[in-house]
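Below is one structure, written out as structure tokens; the observations come after it.
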Amino acid sequence: MTVLSLRGINKTFGAVAALTDIELDVAASQVVAVVGDNGAGKSTLVKILSGVHPPDSGTISFEGREVEIPTPAAAHRLGIATVFQDLALCENLNVIQNLFLGQEIRPLRLNDVAMETRSWELLRQLSAKIPSVRVPVAALSGGQRQTVAIARSLLGDPKIIILDEPTAALGVAQTAEVLNLVERLRENGLGVIMISHNMADVRAVADKVAVLRLGRNNGVFDVGDVSAEDIIAAITGATDNAVSRRAQAMSTREVTP
Amino acid sequence: MTVLSLRGINKTFGAVAALTDIELDVAASQVVAVVGDNGAGKSTLVKILSGVHPPDSGTISFEGREVEIPTPAAAHRLGIATVFQDLALCENLNVIQNLFLGQEIRPLRLNDVAMETRSWELLRQLSAKIPSVRVPVAALSGGQRQTVAIARSLLGDPKIIILDEPTAALGVAQTAEVLNLVERLRENGLGVIMISHNMADVRAVADKVAVLRLGRNNGVFDVGDVSAEDIIAAITGATDNAVSRRAQAMSTREVTP
Amino acid sequence: MTTTTDRQDERLLDRQGLRGVLADVVERARGGDLGVIPVVIGLVVIWTVLQILNPIFLSSANLVNLTLESAAVGVIALGIVCVLLVGQIDLSVGSVSGLSGAVLAVLFVGNGLPVWVAILASVLMGAVIGWLYGQLFNRFGVPSFVITLAGLLAFLGLQLYVLGTKGSINLPFDSGLVNFAQLDFVPDWLSYTFAVVAAGWLFVSGFLHAGERRRAGLSARSVPLLAVRSLALLAVLAFVVWYLGQTRGVGWMFVFFVALVLVMHYLLSRTKWGRAVYAVGGNVEAARRAGINVRAVYTSVFVLCSTFAAVGGILAAARLAAANQSSGAGDVNLNAIAAAVIGGTSLFGGRGTAFGALLGIVVIQSISSGLTLLNLDSSIRFVVTGAVLLLAVIVDSVSRRSRTSHGRA
Amino acid sequence: MTTTTDRQDERLLDRQGLRGVLADVVERARGGDLGVIPVVIGLVVIWTVLQILNPIFLSSANLVNLTLESAAVGVIALGIVCVLLVGQIDLSVGSVSGLSGAVLAVLFVGNGLPVWVAILASVLMGAVIGWLYGQLFNRFGVPSFVITLAGLLAFLGLQLYVLGTKGSINLPFDSGLVNFAQLDFVPDWLSYTFAVVAAGWLFVSGFLHAGERRRAGLSARSVPLLAVRSLALLAVLAFVVWYLGQTRGVGWMFVFFVALVLVMHYLLSRTKWGRAVYAVGGNVEAARRAGINVRAVYTSVFVLCSTFAAVGGILAAARLAAANQSSGAGDVNLNAIAAAVIGGTSLFGGRGTAFGALLGIVVIQSISSGLTLLNLDSSIRFVVTGAVLLLAVIVDSVSRRSRTSHGRA
Amino acid sequence: GSGSGSGGDGNTGGGGSTENAKVAFLMPDLASTRYELQDKPLFEAKMKQLCPSCEVIYQNADSDAAKQQQQANSALAQGVKAIVIDPVDSAAAATIVKTAQSQQVPVIAYDRPIPATPADHYISFDNEKIGAMIAQSLVDHLKKENAEGGILQVNGSPTDAAAGLIKKGIHSAVDPSGFKLLAEYDTPDWQPEKAQTWVSGQITQFKDQIVGVVAANDGTGGGSIAAFKAAGTKVPPITGNDAEIAAAQRIVSGDQYNTISKPIKIVAEAAADTAYQFMQGKKPAGKDTLYNTPSQLFVPTVVTKENIKEVLFDSQIMKAADVCTGEYAKGCTELGIK
């Protein structure tokens, strides 16, 4: 069942056409990986879905109805939770405050204890290495912040989770936990959009791979049917690219010692 | 020949001991990878080396002499160039202005043309996908920014280059170019400290791997002598960890369809 | 002792119990993270200097004056703290307070309405002005500096217009309002009761909270620590009450101001709205993406600030027993903003507390009152005021300075 | 046409030649990225309104007055732009300008020193004050708001002290300084020469630069475009000179102000120092990590600002032919800061231009002069001033508003 | 156009027809309410009577000398035929006189003199004299009561030239009086709140040594009274100046000792009259000559409880209905004010 579907999305920034005629479908219990080169427009797409930027044109359907997502609050109401590439945390607030921002427990007399307990649960689940949850986020390492941002998207009860390069700053253990998490989310019937530059991760968890190139769709593949090389070729637009050249150079070097 | 050597470095933030008794040596023409879990203290180490934070105690020797690095300017003067994990770009300045910040050509009558030409050269070399170098950095995608930060460290004439997770946000092609670049730097006799969570990348370019765990040294390995599994075990402090468990689960799943 | 959920990281230095708290304070002092303590130290320094220069300064009578004089601008500063927290500014609080005093006087004295109607009308007018600012800010994105600069001019004009041909209107000395601001003091027994209740409440709430945390498996403050803390508060409050009681005691207007500070402290630190305010000040875009209604937050804050300005104007008029053309003019704006800033509120948003306004205004009024007592030439007085102000803040800033080097920017 | 190095990305919409420039302007208007054009539109709106209300407003005589009245505060605003660019503020420019005028008068008239010595001393004093601010800021990390608030008080005191019992000192009418500010106008032929030189220089420098870019394989402005641009400038300047020439012409003091704006524009946009200023304002920590001596930048900016304040004070004294106790008091501070902000300088640092100060002060002086002509009651005048100010800025802000939605925060 | 420095658009100078002529009436500040509430309407009314088609351009400089210069320039640009000016800064106003005279527009100094460059006419009562009168009246009263102790002096704004004159006048009466001057204070911006704060401090410092307060205007006087009231002590005799309604009320209720009533009606009308003569091209002569300027000087009256009825109410300067409201009605009846 298709939960989210995009048709003909366009977005221009000044003189740059960031997205042109984008289409994308996400079903429940499905993990769609969106891949593409730097500046291909992946994050712009994410921002359009989460209400940060309005699209210049195009339609978004959510659970069969055509919808508008003018603000992030609207996206939250629809049940779209997002982990942004730039994380979007408030540096002056501590970890608990960031996690529960906008969805505090007991609005008129905040329940600190409940929030702190829940925070530790979430962070432990992601095997985060955060010494204290009462320090401002400004004092956290890059990976710690990313863990906080991911943990935040799990609060509430989303129908779609969008992860924009969720494992970029994570350590190996945390990356493994996030991949586990994505699989759990799929099992629970959520739709997941995951953006990543890591082909291994993509092939490990995704069901479908959508490739963007220079702001345009450049193919949608079933993960089972396609090799990492094919995806990379679609991303770079050529079978002869920096990656393949490097791979070749490496193998030559190993062969001729 | 050891260019940079650290002995007994300590650093505490508030109630958290971020680094305890760290030792590290980097030789010319050597790529040292520093790996570790999130919050292990890698970036803190980088910041100490590049003059952002002073260490609480410990000594730093550069080319045999004991030195102090109280400010980033001092680090620049010694010949230490750094790509920070948080990039440290000025969002209000455009790409050229950021690249040449602090090292402009012709200080009293800026030479725009020369700077723009050189910018395009550098960016092309990293196969960056940046439509225009005259837009503020605020308008760039995550990977584009990271490319700018890396390009900046190549200006000037450094003796040591420190890269703090340089490929985290990069696309596959750009990552390959950066790895090529690291190899070129080594060939040119520079010392390189590279921080990464990606074992494949580490094993591809590094000569030595230094592992940090919870702010302490946890072993230095020659890349040839050690498997990815061993490094991961040193990082997580256990041979039974999320990564190994996940790998096992995957293989079981594949075996029993 | 088993380790609690929140203290399992092995890099955490052990800081439990009384000794741990001390170690923690030392560490935080080194790291420049002492909250309002530096401002208090600055205050003590100034008080010592001024007392040496003129032995009347710390006399009970003068301190009673000080408390009463702090209230009006203090209330205004409380509003300024809120606007500064979201990274905006309100330059018009002076004009709004002047206008509010004028409206009060015209309705109450001129038209003979009951005093509470006049007060309500003034306060409401303040709220409407704030709402207007919020609309202009949200709709057109005009910088708040310019909106409120325009407001400064416009409401000054309105104030002149409202006062009209009279120019200056006396409030009757025997009215309840003027009495409240000038002559009403809390009876001693009630003051002491307040002190005991405050200290008791601090202990009980701390105790309950600690129990709750312990049950949830989190680290908590120990009972002796809680007891010490509330006894210290009791001692301080009782001393203040006793000392001020040597002459006239604690004025109701000051109690009103302190009560407002406490309410604002609660709102800012213990409600969802307060969190939203800090979030918007720290990073608007992040707050927006978290689904916070950023516009509503801005509007609420502007409304609060103008409302407090109106209340401050009423207090000022009551204290002077008159509303006139120069009410709210002069340095009311600067003093209110400076009080907030001296109390540790950042002009860039996201950092500050309600207590900061209280401390800041006490610093400013101390300087002003202390130098007033010295009877210097105007020229010298201005110079010395500037110097002392700087001194007070340097003490604060120096102790904060190590922050950056300790990585808390 | 071959593609230049900088236009190879296939996502770039083609915007070459005259037509491309037009398309670009339209796109930028939609995206709210028009630089100073909205302020100019705001100015035109105000001028039209004021002209309708009183036909004398746009008369040559009144515009000549306007130019002369803009110079003093304009120069001060130029300094404010610099401090705002690094995200700081200077509240003391009014006091410093008043003090500078007083020092000038005392040295020149009181002590009979040659006028250039007196001017030099005043300007130097401004620089020293700025240096002091820089030291306090860098060493103790006191917020500039508080430092300069202390400065405001201290230097006001010093001004009163310097003027002593006299309170007010006249500058001789026949001195060169007073003539410069009141009666010296540029001869017509020279004004026209200025206009031609400016337009010619715009063309030649543009032409050379375009050539250089083309040789380096970069895209460049086409010759017709350059020609159109400089002809437009010539037309505007010639018209201004001709129209002002209908009565008294272009005052030397205004020329001096414009020259300072041009110099600052060059320093901010074409030197390493200017880059450092913008970098520090955009992200101090990033600037520091890039090896920029952040402290030196702060100091330089404070020095510049106080120096400009001193120069502004001299101009104001010259224009009034007197220095008195209230010189620099009143709304000089607010006007200078407001001019910078209206001219598009951000209070949070990193955004703004020298030309902004010029435009901003012209907006403010236009409002003030236009309402002066209207002969209103003070109360109404204040209200209308506030309203018109808001109007001017709303025009600007609305055209910028679409920014966020177009992703240029 | 040229760099000649004079001219203006079609300004023909002083002589000729007064049909539709304009005259500028430039007042200095808003700290005292009299300029807006009395001088301006009175001047305008008289002008209307003398020359129905003439237009009065009224401006208030809000204590800013530079702004006043701007206002004068804009009046000249509008082609006024005479300027009546109450200078913010007597010295700095020289520029305005120079500029106006170079365009053949006569200048009438009003209220405050312009000593450096002689204006064409000067109409005033004298601020220094006012200061001396209120202080002297207080001192006489204290002597009569055989008071012992000292006096506080609350001056006007330290940045206001007129305040300086009043201060000088007050000193001329207080210094030789035999009463000790306990302390004095320049009130920033004439703010009553500041005066109140200062006086509060002095009450703690000097307790009951204070037998009287000389305040430079009614606002600061009111602030001083509030300080005594708030301290819960007896209010000593306190002066004022300007004869505001609020001050009249306080005098009636016995809180304030005196204020001073300036015959603004007479002065304003004299100014209108003189300005009109100048506009017709005549050169009116003054009764006196001050600062090389033909002058007319008028004497103000000190108002106390004793004479308030005659000076303010019988002469129609104030209406009983405005003053005798609420709690003041009782005092009015006692004084026979209806």
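Letters A, B, C, D and E mark the chains as written, and numbering starts fresh at 1 in each.
Note that in this section a residue touches a chain if its C-beta (ideal position, glycine included) is under 8 Å from a C-beta of that chain, and two chains touch if they have at least 3 such contacts.
Everything numeric here is computed off the predicted structure, so don't read it as measured data.
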Field: Mutual neighbours - chains that touch chain B and chain C alike
entry: A, D
Minimal step count in the chain contact network, chain A to chain C: 1
Message: Centre to centre, using CA atoms, which chain is the farthest one from chain B?
response: E
- request: Take the average of all CA coordinates in chain A, do the same for chain D, and state the distance between these two points in whole angstrom.
  value: 46
- line: CA centroids of chain C and chain D: separation to the nearest Å works out as 36
Message: So the centre of each chain is just the mean of its C-alpha atoms; given that, what is the distance between chain B and chain E in Å?
response: 74
- prompt: Using mean CA coordinates as chain centres, what's the chain B-chain D distance in Å?
  reply: 43
- request: Could you tell me which residues belong to chain C and also touch two or more other chains?
  value: 9, 11-12, 160, 285, 378-379, 407-409
Query: Can you list the residues of chain A that touch 2 or more other chains?
result: 13-16, 129-132, 139, 214
- line: Residues of chain E that touch two or more other chains sit at 30, 36, 158
Query: Chain pairs in touch?
result: A-B, A-C, A-D, B-C, B-D, C-D, C-E, D-E
- prompt: Which positions of chain A touch chain B when the two form their complex?
  reply: 13-16, 36-40, 42-44, 85-86, 127-132, 135, 139-144, 147, 165, 168-177, 179-180, 197-199, 204, 214, 232, 235-236, 241-243, 245-246, 250
- request: State the interface residues of chain D toward chain C in the complex, per the touch definition above.
  value: 87, 89, 91, 136, 140-143, 145-147, 149-161, 285, 334, 337-338, 341-342, 347-348, 377-387, 389-390, 393-394, 397-398, 400-401, 409
Query: Which of the residues in chain D come into contact with chain A in the complex?
result: 9-13, 15, 24, 27-28, 31, 33, 405-408
- prompt: Once bound in the complex, which stretches of chain D touch chain B?
  reply: 5-6, 9, 11-12, 209, 212-213, 216-218, 270-273, 275-276, 278-279, 281-283, 285-293, 350-351, 407-409
Message: Under the definition above, what is the set of chain E residues touching chain D in their complex?
response: 1-5, 7-9, 30, 36, 56-60, 62-67, 69-71, 73-74, 76-78, 88-92, 94-95, 98-99, 116, 158-161, 164
